[in-house]
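Labels A, B, C and D are assigned to the chains in the order they are written; within every chain, residues are numbered from 1.
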Amino acid sequence: MHSYSVNDLELELFATEVRMDVIDMLYKAGSGHTGGSLSCTDILVSLYHPKHGIMKHDPKNPKWEERDRFILSAGHKAPALYAILAKCGYFPREKLYTLRKINSILQGHVFTNTPGVEAQAGSLGQGLSIANGVTMALRLKKVDSMVYCLLGDGEINEGQIWEAAKNASYHKLGNVCAIIDHNGERIDGITWEIYPIRKKWEAFGWYVIGEEVKWTEDRKEMELDGHDYNFLTNAFKEAKERRNDNQPTAVIVNTIKSKGIPMMENVVGSHGRAPNKIEYEDGMRYLKEKAEKLKVKLYEFELRAG
Amino acid sequence: MNLNYEQGKKFNIRNAYGDALLDLGGRYDKLVVLDADLGESLRTGKFARTYPDRYFQMSVSEADMQCSAAGFALEGFKPITNTFAVFIPRGIEQIRQSIAFPNLDVKIVGSHGGIVTGEDGVSHQAIEDIGMMRSIPNMIIVCPSDAVQTYRATEAMVEYEGPVYLRLMRPDVPVIYPNYFDFKINLKRGNGYKLREYGKDVAILSTGYMTHLALEASDKLNEEGIKTEVIDILTLKPLPKDIILRAADETKGIVTAEDHNIIGGLGSAVDQLLLSENCPTERRYIGIKDTFAESGKPEELLEKYSMDVRSICDRVKDIL
Amino acid sequence: MNLNYEQGKKFNIRNAYGDALLDLGGRYDKLVVLDADLGESLRTGKFARTYPDRYFQMSVSEADMQCSAAGFALEGFKPITNTFAVFIPRGIEQIRQSIAFPNLDVKIVGSHGGIVTGEDGVSHQAIEDIGMMRSIPNMIIVCPSDAVQTYRATEAMVEYEGPVYLRLMRPDVPVIYPNYFDFKINLKRGNGYKLREYGKDVAILSTGYMTHLALEASDKLNEEGIKTEVIDILTLKPLPKDIILRAADETKGIVTAEDHNIIGGLGSAVDQLLLSENCPTERRYIGIKDTFAESGKPEELLEKYSMDVRSICDRVKDIL
Amino acid sequence: MHSYSVNDLELELFATEVRMDVIDMLYKAGSGHTGGSLSCTDILVSLYHPKHGIMKHDPKNPKWEERDRFILSAGHKAPALYAILAKCGYFPREKLYTLRKINSILQGHVFTNTPGVEAQAGSLGQGLSIANGVTMALRLKKVDSMVYCLLGDGEINEGQIWEAAKNASYHKLGNVCAIIDHNGERIDGITWEIYPIRKKWEAFGWYVIGEEVKWTEDRKEMELDGHDYNFLTNAFKEAKERRNDNQPTAVIVNTIKSKGIPMMENVVGSHGRAPNKIEYEDGMRYLKEKAEKLKVKLYEFELRAG
């Protein structure tokens, strides 16, 4: 592991707790998408973290006009967003256990009835177009906020993504930042068909941060930028700083599917289901240990800072 | 605004739509217009030139256009998307997921409805759009029949909050309604207008392009001693219940006339209303009979596909 | 092929579809299968592993998938496209233009029809697919209700030349039909099967997931002395005319039961048939009532949205 | 003008006659798409010309299994294809004057009821997907024919084009050749939004021939490769030669909208209508003179050769 700052430790602890909630709520719901929720957790944490997150937002005032917007396009990653929104205080944590249940404010795929959720999603490929619309609207309202939009790598197979990519650059939507969660997998297999990713976004007129690390068997052994808060934070900051340059920014983020449940990591087929009992326990044990270690380290830092 | 469309003369309802857009652009500062490279046909030009900041050319990216409109609506704007009716299904899953489901304030305008689109042929003749849109919850469907009504329907659509589909057509049609006509449009309740009332033999329910043909048919039948009434159905969803049920009650039967597949459109909607309200009656259908048409002049097509004035008269006589 | 699905036991009809695909792959060397990253859910795996040359992964590019299937058909192949029913509209303009209009031999399979898709929520619950597909000329619509029928319907679909939409669902359902049942499927004429005939009080016309609930309701009503018949409607387009008209004639009314919007689906289709054939009757509807549902267990949703066994019984009693 | 070969002269004469038919049939139909039909005429001539065309095809046997396929995706360019098919002998020339009329075999947009037309089109963005399907089918049938597919530059705004582009390269469809008729205009304006064209196709895994010359006011004064039979013929040949290399080929062709009617050339707004009387007469006069000159030149060549 590389050397840590307090910020990193705080982000990582937060993310570890989020992952526990994600696994917990999925396990209790009995269905849902584990793989993609856990691959994007660190991305969302880097955006939303109350202290270190890049986004301006206010859980007490979810409709605050000046907030940065986050549009989850790959709507099946809902559990990660829900867990973070709850941790930030958008709604009570108990609600997490109503996930996918009747009468819940937490639908199986994101919907606008959840406090803090900006747009519905679930059918892939639509969020970036929505983000463009939001951004054009903000421009008319003269609100200079960022609009971050999270896409799955399998999702960018949808042609609509490229319509949106083209229109974002044509309409000079500098406030748009598309984040591609490149975990290298979709449901039925590896996302070979969408490579090269970086070149595509460049050809569609985007400023691109990051480059895909193609999927490999031993991906889970790799230290990937999608789980590196330095990379994530700097990338999202850079996108924000460039927002008046009239060019949208794409951030390609390399991640591992089901990150946090060692038994499920990088396993094709772990996409669209909840963890089973063994995986659940394995994941919870692993994450709890990790959280404990992080707390110890943080304590040491505090002592030193004294 | 006072209108000035010469009654009886032919006029293109798309021009009335364009006029209304321009006017509404001044009244609603949150109104934005999105085009998919068919602005010329949809008459969005006046709006675009007057309010260039609120006009967005999306090029042929219909799916993206519908979702970007959703984005605008999420931020409190009133977006209007524009394309041919036949290309509405190009983004209909997006309309369903990103507009109708969250019930967003997006207006969807499809021009060139029906086979009267003519020479361009089947690929440009929308005969399923209404059927598809009717299947989607939260969707209001408006299908005006002349310039005056188009203008007022556009106003009502923009005033309304929620998803609306406005269907227009290509050819000029006579101005039927007086310019001062008060439509009292209520998109939550549904709207129909009795335009003829020669008597109670048969009721003709028509919509869009077919209304002026229905009026011709009604006048002709009257000369032959057959007394019909003609009700112009502006909203295909929701249907104007009362006026239709009353017609079913008072006449010997109902002929529906629409430039759309008889499956899924006005004919289907009326049937379901009649049976669900336990008010069945003798029924005949004018519309395209679940087949694809072809290129040709609108009048020739209407004749070949039994949707002309004579066919309306024949269907009325079937009932008697 | 002889089937071996244990009657009365619950079984997933998607497995029967997958079994049939595998079998048909051997019988039709022109059969090709296209997937849009939902092969696991659609059970195309057995076919894919046995005939890898005739299996094509298109990833989530539903519009492209439908048109590529059209390309295969132009060259004399029998392509089958696969996705969730709710994503069929993602390529429905393409289906209309490139498949239905030239009447190509493409089979379109949509699984996860209806609100019984359950926990995934509205974005995955297709309630408009049948309405949209019915609006399109040349389209045959097949909606089986158990594993045996699914297997045979898949065979019939592949044998037929022309566009067919096959709608499947997510949950397991009891095997209703005996394995040896001879369905005599004729997709040009329409097919329905009388599964109960306690008497002539009311006819319940059901399709897909709802059929086993209709049977339960019928049995329950029988215990209460109410004598219904249950007709399982396999083809929503064309409808099996005779069996429906006879039911309308012989009973006091018809309840339709479908896991789809009551606008555009079986209910609408039956209404139009009844009125166009001048055979009206008392009508009630089971289906989702032009609204979007939510996440939840299928049974809970069926109860909340009045589509469960009790609701079917209640609607039957409404008529009496 | 650059130096001419007999081949060039024969191609150009053929194309000039085709253009006259196109103008004639459009004028007589009273509606239709003049701009795009005339911008792509030379492309189609280079493919279909009975002697010099690159495509294997047989007007007496339109369904000949070994033929090269041509899929017109931008279906509004139908008149150009109809005129060429008639000239090649697929159907009698008189039929041209039934264009867009009731009961005609010549629909406003291409349909499969016309002998020689492979697929319907009219709604933009679908033809390349169809071409892919045809190509995958040919591969299964072990027919090694080319599948050429003509796209409009405005048309490539459609996301489905990029789904098809991605799937063509993913499925290694070397027999597919997409031709982009880059006339720089669509209906409502200039195709600024789709630039850069070449980089996009490359990023989607295609071998690309040609590069876009961006639209300018004086485009009609330029000598563009889309009206140069050498360029066209060589490009289509190269695509054919590469067909077993497992990579689809895109040919970007720079053209002028309404080429052949000097009054309409490069005029935005000339897209979707038939020529009016003055334009019609102007075009016919211009083309007739051109044909006469070409005939004289050909005669001279023959004399010299003779």
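Convention: contacts are C-beta pairs under 8 Å (C-beta built on N, C-alpha and C of every residue); 3 or more make two chains touch, one makes a residue touch a chain.
Quick caveat, the model's predicted, so the values are computed rather than measured.
**Student:** In the touch network of chains, how many steps separate subunit A from subunit C on the shortest route?
**Tutor:** Contact-graph shortest path, subunit A to subunit C, evaluates to 1.
**Student:** Computing the C-alpha centre of each chain, which chain sits at the greatest distance from subunit C?
**Tutor:** That would be chain D.
**Student:** So what's the Cα centroid distance for subunit A and subunit B, whole Å?
**Tutor:** Taking the mean C-alpha position of each chain, the two centres sit 43 Å apart.
**Student:** Averaging over Cα atoms per chain, report the distance between subunit B and subunit D in Å.
**Tutor:** Going by mean C-alpha positions, subunit B sits 37 Å from subunit D.
**Student:** Touching at least two other chains at once: which residues of subunit D meet that condition?
**Tutor:** Those would be 111, 120, 122-123, 157-160, 163, 166-167, 170, 193-194.
**Student:** Going by the touch rule set out above, which residues of subunit C reach two or more other chains?
**Tutor:** Subunit C, residues with two or more chain partners: 59, 61, 63-64, 86-87, 90, 93, 97, 101, 122-123.
**Student:** Assign the assembly's chain-to-chain touch graph to one of these shapes: line, ring, star, complete, other.
**Tutor:** Graph shape here is complete: every pair of chains touches.
**Student:** Per the contact definition, I'd like the list of subunit A residues that touch subunit D in the complex.
**Tutor:** It is residues 157-163, 166-167, 170, 192-194, 196, 199-200, 202-204 of subunit A that touch subunit D.
**Student:** Which bits of subunit C are touching subunit B when the two form their complex?
**Tutor:** 86-90, 92-93, 96-97, 100-101, 122-123, 127-128, 130-132, 134-138, 237, 261-265, 267-269, 271-272, 274-276, 278, 280-283, 285, 290-292
**Student:** Taking the complex as given, what residues does subunit B use to touch subunit D?
**Tutor:** Touching subunit D: residues 35, 37-41, 57, 59-61, 63-64, 86-87, 90, 119-124, 294-297, 300-301, 304 of subunit B.
**Student:** Using the touch definition up top, name the residues of subunit C that touch subunit D in the complex.
**Tutor:** Those in contact with subunit D are residues 32, 53-54, 56, 58-59, 61, 63-77, 79, 93-94, 97-98, 101-102.
**Student:** Over in the complex, which subunit A residues touch subunit C? Could you list them?
**Tutor:** 29-32, 75, 100-104, 106-109, 111, 120-125, 154-155, 157-159, 186-189, 191, 193-194, 269, 272
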